[in-house]
Amino acid sequence: MATHGFRQAFGWSRWVIVPLGIVLALFLLLPIVIIVPTSLTASSFVEFPPSGISGRWYSEFFSDPVWTDALRTSVTIALEATLLATLVGTAAALGLRHLSARPQAARYARSLRTLFILPAIIPLVGYALGLYNVFGFVGGSTSTTPIVVGQAALAFPLVFVTVAAGLARVPPNLTKAAFSLGASWPKVVWRVELPLVVRNIVAGAVFALALAFDEVVIAFFFNSPTNTTLPVELFVTARESVTPIIAAAAVIVMLVALGTVGLAWSVLTLKSRLEGGYR
Amino acid sequence: MSIKGDLQDVCVSLGGTPILHDVSLEIPAGSFLTLLGPSGSGKTTTLNVLAGFVSPQSGHVLFDGEPVDKLPPERRSTGIVFQDYALFPHLTVEQNVEFPLKARRVPRAERLERVNRMLELVQLPGTNGKRITTLSGGQRQRVAVARALVFEPRLLLLDEPLAALDKHLRESMQVELRGLQEQLGITTVAVTHDQAEALVMSDLVAIMRAGAVEQVGTPKEVYKRPRTRFVATFLGEANLLRVDDPLVAALGIGWTAQGGDAEVLLRPEDLRLERPEDAPDRPAFYVRRIEFHGARLRISVNPDIRSSTEDLTVSLEACTDAEAWQVGDRVALACDPRAAHVIDPENAAPPAMVSA
Amino acid sequence: MPLVTLATRAIHDKGASGIGHTLTDPLFEQAVTRTLVLALTVAVICLLLGTLYALALVTAKGPVKALLWGALLVSFWISLLVRTYGWVLLLQPNGVLDKTLRGLGVIHDSLNALQTTPAMYPGMVHIMLPYMVLPIYTSLAALDPSQLRAARSMGAPPLLTFRKVILPQLRPGAIAGAILVFVLSLGFFVTPAFLGGPSKLTVGTIIEREFNSVYDFGAASVMSLALVFVVLAIYLVADRLFRVGEHWTAG
């Protein structure tokens, strides 16, 4: 770890850097610090600090079909989008690895790589609108399909990048060895490359899930009464009214995201501890 | 089961840069051939051509006289031991060694039996369930060898197989690996940049330079009778004298009709030092430098104590007599004229790729 | 593919003159100016704060380090919608900021900070900061500590070490982060929609308004297309020049 070297190098100036860093960290945590207490208020108004503590807004959240339906829609769409993004993203990363291994094709590999990353930086609004046009022509813009496809496309670079990073750490010789030992192409992928990047695939899927679960823009553009996701409901309600139930919904969105990440993280840590770990 | 391998006029270039230039090699059945050369000389590419990872732009690869150019790596049946072993870290020892058998759909019972036999052969019996990460470097090397041999490949390819081991282990593994190869009689091609390893292990050594084979021969041939100046200087230490150098005649070396550009190779161990008063007819030198190498002494001598011309190197057994020499001593140089070898400059027609 | 239909839609609905008309619409021009200023300012602020934060990350130890990492990752993982909503609660009339300032006696009436242009800044910086910190941190982590020791052994004071050894090596990461933040800010929608509101439109929100309230799909398409082109152009040029993609994907 480089910490020691940096501490020495900065000398006294670290007494300025670190406290400023702490201030920034608090700045980063500020909205959360406000939302959580607000959601626990006992009164009917948004108040900070809250007057009294109760879970009233949470029980209201779970008894209102508008919110629970939105939660269910969100979970379904996010899972579907994650599955799609993970499959395609992993396949793209694997394909690119095999393409780069060929000297003649290596220069296309770089362009493809850039192309694969593009969905992450294209302005969402523009992308959503374009998608709307596509599905507008095809018809059926009230189904959840366009949202799933759109969010999957959005999450695809995350999976791709995470899996590609894992594959980059798999020595090319392992693939060569597998081939030389007589394994066919699918066998090399299935028995050697995929097992070595399982953690990256899981991590990529978690990134994708978290992204899809609280994606607003695409879901908003394709919003209809039957496919309102939780973030869209939150967005729409928050634009129109001010009630603590929004804070409660926000906390739930937050907990789902953190819960997914935490769960995946502990599973992966446990797995690597059992296996002795591959670095 | 041993086959002979052939490379015929193989040319390889990557992205316009030529890597191999008309490489032809004959690997006799059951022999151990080592590709030796400086880095960038094309040894590893040659190995990759044999394995099928690199397809040559022209030329052919033949196994037992049959062209295998069209066969992809997974169907060539070559067992490779990689420099970093390339063991699958997510599999156990057994699963690693089993891998090529599984790829060939060998039934489970037979698989197990062959894996166990192989592990015994590499002296790792009973390690089946161990994880690769828990093995030492030497053990990993053995697993890699077992995995490369278990499916009875037609050719065994070793890519700097011992480079990652420390000196002691490397030396004992050289003997062990050679023993295993002889026992199985499998045709083997190894790549190394360690000349001692090449000389110890091989039946044949192919010296490569700038993408071409400079000389193929037994270790003794390439060391004692190098065809070119490059081979002479790359393998061991070489004293090279022009044939018309008066010293050559003075040392009693007769030579045949080569031109004046021919050079005489004298290995340091073929030179002796004598006291000038005992050999007044021998050329006289000064001792300029003495290095102690344990078993041997390396002594630099020059006709002129202040000369800036290159010293000749003499290698002597570090016995009591030899240790009596001091820097500044006057010495007489002697050699066995039969040990001298003349290098014809015609042989050194430089490969096309050597940059001017 | 969606981009293609975007283009055909734009041309189909509007024609050449229509496109020109849409792009010179004063409301759109205002939004463009506002967005550019916003994105640029946010990128610069994030650059400074992000560098500071990354330096603090590598310098701190123990619980402070845990706090810094925790804050970074938590805010990276929590929905930007939720985080933005936190800012709404903070800035809204009678919200936390108002109450605090009133408590301190700085102001008497509500600040009415929400739905103003300045309100977008802290929110945007907050959302974008993690994107900035990670690439810089990656650059810093890749720096060989023995270089720092070498600099020290030659008697370099901390400031010189920073300027001559650390700064040049974190520059690529910093450039990558700044470009990413700038590009993302250009097309951002949620945060400006919440904090800037309907009167302080940015490019992102004006497109949504054309689409959802005015129902002028053609205009929305033209604007989107312009936005997408600008963003792609900036990204591709930057990728060529600084290999932005590689820094970002390493993080």
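Note that the chains are named A, B and C in the order they appear, and that numbering of residues resets to 1 at the start of each chain.
We take it that a residue touches a chain if its C-beta (ideal position, glycine included) is under 8 Å from a C-beta of that chain, and two chains touch if they have at least 3 such contacts.
It should be emphasised that the depicted structure is a prediction, and the values quoted were computed from it without experimental measurement.
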Co-neighbours of chain C and chain B - touch as defined: A
A-B compared against A-C, more contacting pairs: A-C
Of all other chains, the one whose Cα centre sits farthest from chain A: B
Chain B-chain C separation of Cα centroids, rounded to whole Å: 59
Gap in Å, rounded to a whole number, between the CA centres of chain B and chain A: 53
Whole-Å gap between the CA centroids of chain A and chain C: 18
Chain C contact footprint on chain A (complex, rising order): 2-14, 17-18, 20-22, 24-32, 34-35, 38, 46, 48, 113-114, 117-118, 121-127, 129-134, 137, 161, 164-165, 210, 213-214, 216-217, 220-221, 231, 234-235, 238-239, 242, 246-247, 250-251, 253-254, 257-258, 261
Complex interface listing, chain B residues touching chain A: 14-15, 51-53, 72-80, 82-84, 86-90, 99-100, 102-104, 131, 133-134, 147-148, 151, 157
Interfacial residue positions of chain A with respect to chain B in the complex: 103, 171, 173-174, 176-185, 187, 191-192, 195-196, 275-278
Footprint of chain A on chain C - complex, ascending: 1-6, 8-9, 49, 52-53, 55-61, 64-65, 67-68, 70-72, 74-75, 77-90, 92, 95-96, 99, 126, 129-130, 140-141, 143, 145-146, 148-149, 151-152, 157-159, 161-162, 165-166, 180, 183-184, 186-190, 193-194, 203-204, 207-208, 211-212, 217, 220-221, 224-225, 227-228, 231-232, 235-236, 239, 245, 248-250
